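The first chain written gets the first letter, and so on, giving A, B, C, D and E; residue counts start at 1 in each chain.
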Amino acid sequence: MIHSDTKLPDLPPPRRSDGAFGWIRANLFSSVTNTLLTLFAVYLIYIGVVPVIKWALIDASWVGETRDDCAVGGACWVFIKTRLNQFVYGFYPEEFYWRVNCVFLLFASLIALLITEKTPNKKSIVIFTLTAFPVITFYLVYGGAFGLEVVETHKWGGLMLTLILAVVGIVAALPFGILLALGRRSTMPVIKTFCTLFIEIWRGVPLITVLFMASVMLPLFIPEEIVFDKLLRALIGIVMFQSAYMAEVVRGGLQAIPKGQYEAASALGLSYWKMMGLIILPQALKLMIPGIVNTFIALFKDTSLVLIIGLLDLLAIVQAGLADAKWAGYSVEGYVFVGLVFWVFCFGMSRYSQALEKKLDTGHKS
Amino acid sequence: MPEKKKDLAKGHTAFWNDPEKRSMLYQIIMLVFLIICGAYIVSNTLHNLDSRGIKTGFDFLWSEAGFGINQSLIEYDESHSYGRTFFVGLLNTILVASIGIIIATVLGFIIGIARLSNNWLIAKISAVYIETFRNIPLLLQIFFWYFAVLRPLPRPKQSIEFFDVFFLNNRGLALPDPNFVEGFGWVLVAFVLSLLVVFGVRRWAKVRQDATGKSFPIVSISLAIMLGLPALTYFIVGSPINWEVPTLRGFNYRGGITVIPEFLALLLALSVYTAAFIAEIVRSGILSINKGQTEASLALGLSRPKMLKLVIIPQAMRVIIPPLTSQYLNLVKNSSLATAIGYPDLVSVFAGTTLNQTGQAIEVIAMTMAVYLTLSLLISLFMNWYNKRIALVER
Amino acid sequence: MVEMRSVNKWYGDFHVLKDINIMVRRGERIVLCGPSGSGKSTTIRCINRLEEHQTGDIIVAGTPLTNDLKNIEVIRREVGMVFQHFNLFPHLTVLENCCLAPVWVRKMPKKEAEEIAMNYLQRVKIPDQALKYPGQLSGGQQQRVAIARSLCMNPEVMLFDEPTSALDPEMIKEVLDTMIELAEDGMTMLCVTHEMGFAKTVANRVVFMDGGQIIEENNPNEFFNNPQSERTQLFLSQILQH
Amino acid sequence: ASTVKSVQKRGYVQCGVTTGLPGFSNPNDKGKWQGIDVDVCRAVAAATLGDANKVKYTPLTAKERFTALQSGEIDVLSRVTTWTITRDASLGLNFTGVTYYDGQGFMVSKELGVKSAKELDGASVCIQSGTTTELNLADYFRQNEMEFEPVVFDTADQTAKGFEAGRCDVLTSDQSQLYALRIKLSKPDKAMVLPEVISKEPLGPVVRQGDDQWFNLVKWTLFAMVNAEELGLTSSNIEKEKKSKNPEVQRFISGEGSKSLGISSDWAYQIVKQVGNYGEIFERNVGSSSPLKIDRGLNKLWTKGGIQYAPPMR
Amino acid sequence: MVEMRSVNKWYGDFHVLKDINIMVRRGERIVLCGPSGSGKSTTIRCINRLEEHQTGDIIVAGTPLTNDLKNIEVIRREVGMVFQHFNLFPHLTVLENCCLAPVWVRKMPKKEAEEIAMNYLQRVKIPDQALKYPGQLSGGQQQRVAIARSLCMNPEVMLFDEPTSALDPEMIKEVLDTMIELAEDGMTMLCVTHEMGFAKTVANRVVFMDGGQIIEENNPNEFFNNPQSERTQLFLSQILQH
């Protein structure tokens, strides 16, 4: 029995006869439990979100110069506005803001170039970002060459310091992380043991004790003649700590490279370091980017801990601003502002890493 | 054992080209380098300590501390030693970390599962929760919770009361403290007895379910027995516990047990923050389970909750455990941020006040780090053991 | 037993099932075949609501398949399904796999469920593997466990979605044998398969699908020896070349 | 190594200060550090390097301060630090003198209606961790057979915030700090400082042991400032007084002792010129011309009924 | 060219290679066959030190294979190897894959290396794919790239480890053709393969291994038509059944 020998036409799907209402039914009220959950969720939103919006947007004050310009009951964003420069640049001299801005601009454009798909010559941009860019940044921000006046590190602060700590931390941790990961996979027991111990110890202790050690105890361990800048010492602590985490990311990346790649490389006569440098690491690094971004997010958030050792990062400088008697009582605004800044950065990065992970995921199957 | 003759032409091999000798050389160089570095640091430190007249050694642990701590699980006052402050801090760290781990795990699992709910609103709220708390520094959240907890609470005089025995105010939550008097032994006996009974009932219920398929409200009955029997005994024997109910005297409630706001804030911050990460782990763990498993369960007629409980979660655990372990480790380490709001944990009490009063930074920091390393190690060991156990079931 | 009346289904804008009409009576054995992507899997997955159809009616054992969760539950209980990739639960033993649904869905005593399970395991000839984990079995054995697992729910209809296509040749036979036995015992079956030998042996009717529609439906004899439609002829010539 | 030499080589003094305490060391809007303790640092820099601005400030919490000094992270700790025997004797530190005679007191909210510290039985007390106050407090309550709950914070700011949020009934600290913290409250009038002073808190700069030259330098920087006030030398008149016939003033300006201290001979002149004498510093930072308006009290010169007394410069 | 003299190898306690003696003269083409797990791969992997043998001598192009890194380097330069799974470097283009070793190991100028590479790509008939990435090629094309990559080092001997077993049937031919051409040009080859047609066409000798030993060694004619050992006969009967 033939049903129909002609090809039936492709019809468009039926419009949901029940429209938005049907969607709501299917997604919110499909069963009793579901309905209860929905009501619960609506209640949560009602008690959680409504007052916040009222406080932060509707009743808030935006214009003015002093606290008298702020209405009671709403958020006083005036406070943030008047101190914004300080929150971004710390106590960096105002006349030199342009130097920091240049770095911000350069950094932003490099990042933009790196995350867009179709940038030509990505390799050289990566190399530029990892080598020349830090040098340029150093001379621009710190000065001391090309006729730029020196700006001491203790004047650095705010978002700028947060970014510097995080970026330097991650960039410097990468090579150490790679070495440690290679060491941990080594067949030489001494090196393997050392790297494993190093990684596990740094991963096992809280960052604030590491920062404490770096900031006030490090000078005990080195000869009196050698002096390090405080910021530099905090950075050393962060880099040590971070390289342990980075090593684990790298190890994961290395493990994902099939054994055949190692064999093919040795069969072609490449030596260990050439094999690593030309074949394994370039492939592994690509796989590691999501992991690196995630580590970076963690580090970025952790930079707020330098407050405990007296560096004026974004959180610390906002707190210092809150201590100003002229603005006493606006701490919520301050914290919300800091939270928002951190959130925007971290959320953006985590979205990027998720997208990347997805891409790599499909990329592997094909 | 095969007899292994080491191979030919050994004599010809240049020392530098023999990989074994070469790796030996590397290792010796590394070792020497490490020893030199170590020696250098040690000698510098010794020299610096000496030239600056700083005392060393662990004698300080036995001298009187002289400062107060507002939460201690063991008996402590100003006249106790610095060594004891170490244990006070350690126990406080363990307290907040272990409760934090439990809450974070429960919350994380709930939210991770809710994230996959087919109720659109619930799924979205969970997503917002995760994305919010994951992306804001913990330190900031601790500050937030501290002031969020403190601000709405009244002063002690206007405390919020529950049943005249619990009092909530900005000094914390005051609870009655049980003092055991004679006759309490019977209650204990009754409790043990009730445990035995419950155990028996559960066995019986399981046998009955296996035999007849009828399920038995085990949880509620067990609870009733476990609470009822001791309570009955308690009244029969004549209330052998003197509840020391906190009373308002002077500035504050005295007597009883007080849960301080620092603890609450830290606990909230740690659990809420870590739960966001755990939720993501749970979600990806569940998603990692092959779609076929879901389909097979549905085709067998299992409902969604049962499917999660019987099929998906047991398999997902294998994927979940390793990253979960590192979240636990993070939580323990993050508990050291207690120092920011003055919760008396190890870092705050020992690596803070004690270090400052004694000035013996090296000893104190070394002890502190050793504690964290040990805790990390213990957690890792336990989780690895657990992972092995479930992995075995799986195979 | 199973009735599909002008069922239509879309994936987004893609029209996968076009006006499908199938009627399976109690005790009937229907084989569904057709080229890859023709919508065979989708059809049988609609029957126990692993996929949702958009228009048309599906009625299983007298219960109409609607959005009502109660009905879906009833239908799923009455319909057993065997997948291409077995989909056994790897964390449970073979016996536990079989008992899971009877105990938790049918609220059967464990003892009884185990007895039934052993009974069906016997029927698929692997009672001795009951305490092993699926990972320890060969593909053919796993598929037989999957069949036993479905049978334990005592379903009215069994759906098979290419049960042998993930198996090595030696194993195909053992699974087909099991299925033939099942058919001989009078089980109602709706089976997607390319095993034409099986179709010839047990099917009451063969349904041929292409491009989301049913092209031809006939008894096996007619279907194989005297296909009516051009597309069927083409398909059969390809299949039989193998 | 000689700290004087290394400071001169480096070109600046590393000075440990608080993380923010008005009147003693506090960064203003522009991030410029101000306060008595800061002026001491500036004076040390003026003496050592001839330029009061060559100071690098390291904000330290109470907990970090001694470790930072011990480790060499800073050259001098000028951070409202109380001089006690344990600190002097066993921490490897040397106190160079007293810049501010202080005593521990209590601040309470006026609402409580408390008039005396003796009424504080059972109170929760906000306190900064790692201070002598923490120890004195325990002593005081024990001695008066009262109970208390210590609520410990890391920085002065946080302590004040905790007090303001109602976490504790009482804030205890050195009296001077209480005044400083009070003006940071959003409603300073609601809080009052109780009359009792329960301890002696001589505050002064600290240096490491084992470098007597540096120790002397800091010590004599302080004495120079006190002596300058005694001699009537101020930052505005010292230029004129260069020609003064008074032999003591002459000795002061010509920089007695500069050789053995290893610094230039106008060191004392530079201190007064660039920073001022003790009285000026006091008035400017905490006295009547500051928001704190603290009475000089014990910190008056010995000639005026106080106990600020400096050995003669000869 | 390649000489193995009573080579023995253990994996832990497991004796994989037992007293292996193979002699490959310049221009000779040897095919190694045997059942799975018999140690064929291990044997040829010992030749360029991807595995370490424990006793016996291996001499390649006059250089003894010892622990001496210099010797290993020399040997690896003289020996090309093609793997079952191609093992191309996915992050480099085809051309870069080919030039990598000449540039970094032989320190050849890049220009020259590229010329040579294009030359060999021409020979394996895919010069037009030079700028693509391996992921964009079919399996057969990838394997030909792998052959070209080895040839670029201008090796004295080529080792092949089942070069066609991961390929679809249509692609097997194109790879085998390439290998036959190579053989006709006089390349010394040692080849693990189950392609008996290939063995008959080009091999000078066929070596049969089982259980880590060499069971039989003969010219292809004798080997296929008149196998001496029972095990060879069994093996051949299984292979030729296909």
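Keep in mind that, in the parts below, a contact is a pair of C-beta atoms (placed from the backbone, for glycine too) under 8 Å apart; a residue touches a chain by one contact, two chains touch by 3 or more.
Note that the structure is a prediction, hence the values are computed from the model and not measured.
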**OP:** List every chain that touches both subunit A and subunit E.
**Re:** B
Subject >> Reaching subunit E from subunit B through chains that touch each other, fewest steps >> reply: 1
**OP:** Have a look at A-B versus B-C and report the one with more C-beta pairs in contact.
**Re:** A-B
Original post:
Which chain, with its centre taken as the mean C-alpha position, is closest to the global C-alpha centre?
Top reply: A
Original post:
Among the chains, which one keeps its Cα centre farthest from the Cα centre of subunit D?
Top reply: C
Subject >> Where subunit A and subunit B are represented by their mean Cα positions, the distance between them in whole Å >> reply: 26
Subject >> Centre distance in Å when subunit C and subunit D are each reduced to the mean of their C-alpha atoms >> reply: 87
Subject >> Chain centre separation in whole Å, for subunit D relative to subunit B (CA means) >> reply: 42
Subject >> Separation of subunit A from subunit C, taking each centre as the mean of its C-alpha atoms, in whole Å >> reply: 51
Original post:
At which residue positions does subunit B touch at least two other chains?
Top reply: 48-49, 51, 147, 339-340, 361
Original post:
Listing for subunit D: what residues touch at least two other chains?
Top reply: 64, 67, 70-72, 154, 161
Original post:
Among all the chains shown, which pairs meet the touch rule set out at the top?
Top reply: A-B, A-C, A-D, A-E, B-C, B-D, B-E
Original post:
Contact residues on subunit C for subunit A in the complex?
Top reply: 8, 10, 12-15, 18-19, 21, 54-55, 67, 69, 211-218, 228-231
Original post:
Which of the residues in subunit D end up touching subunit B in this complex?
Top reply: 62-67, 70-72, 86-87, 90-92, 112, 120-124, 129-130, 134-135, 137-139, 142, 147-154, 158, 161-162, 165-167, 169, 208-210
**OP:** State the interface residues of subunit B toward subunit E in the complex, per the touch definition above.
**Re:** 1-2, 4-5, 7-10, 12-14, 17-20, 22
Subject >> Complex contact set, residues of subunit E against subunit B >> reply: 8, 10, 13, 15, 53-55, 57, 64, 66-71
Original post:
If you look only at subunit B, which of its residues touch subunit C in the complex?
Top reply: 209-215, 290, 292-293, 295-296, 298-303, 306, 310-311, 314-315, 393-395
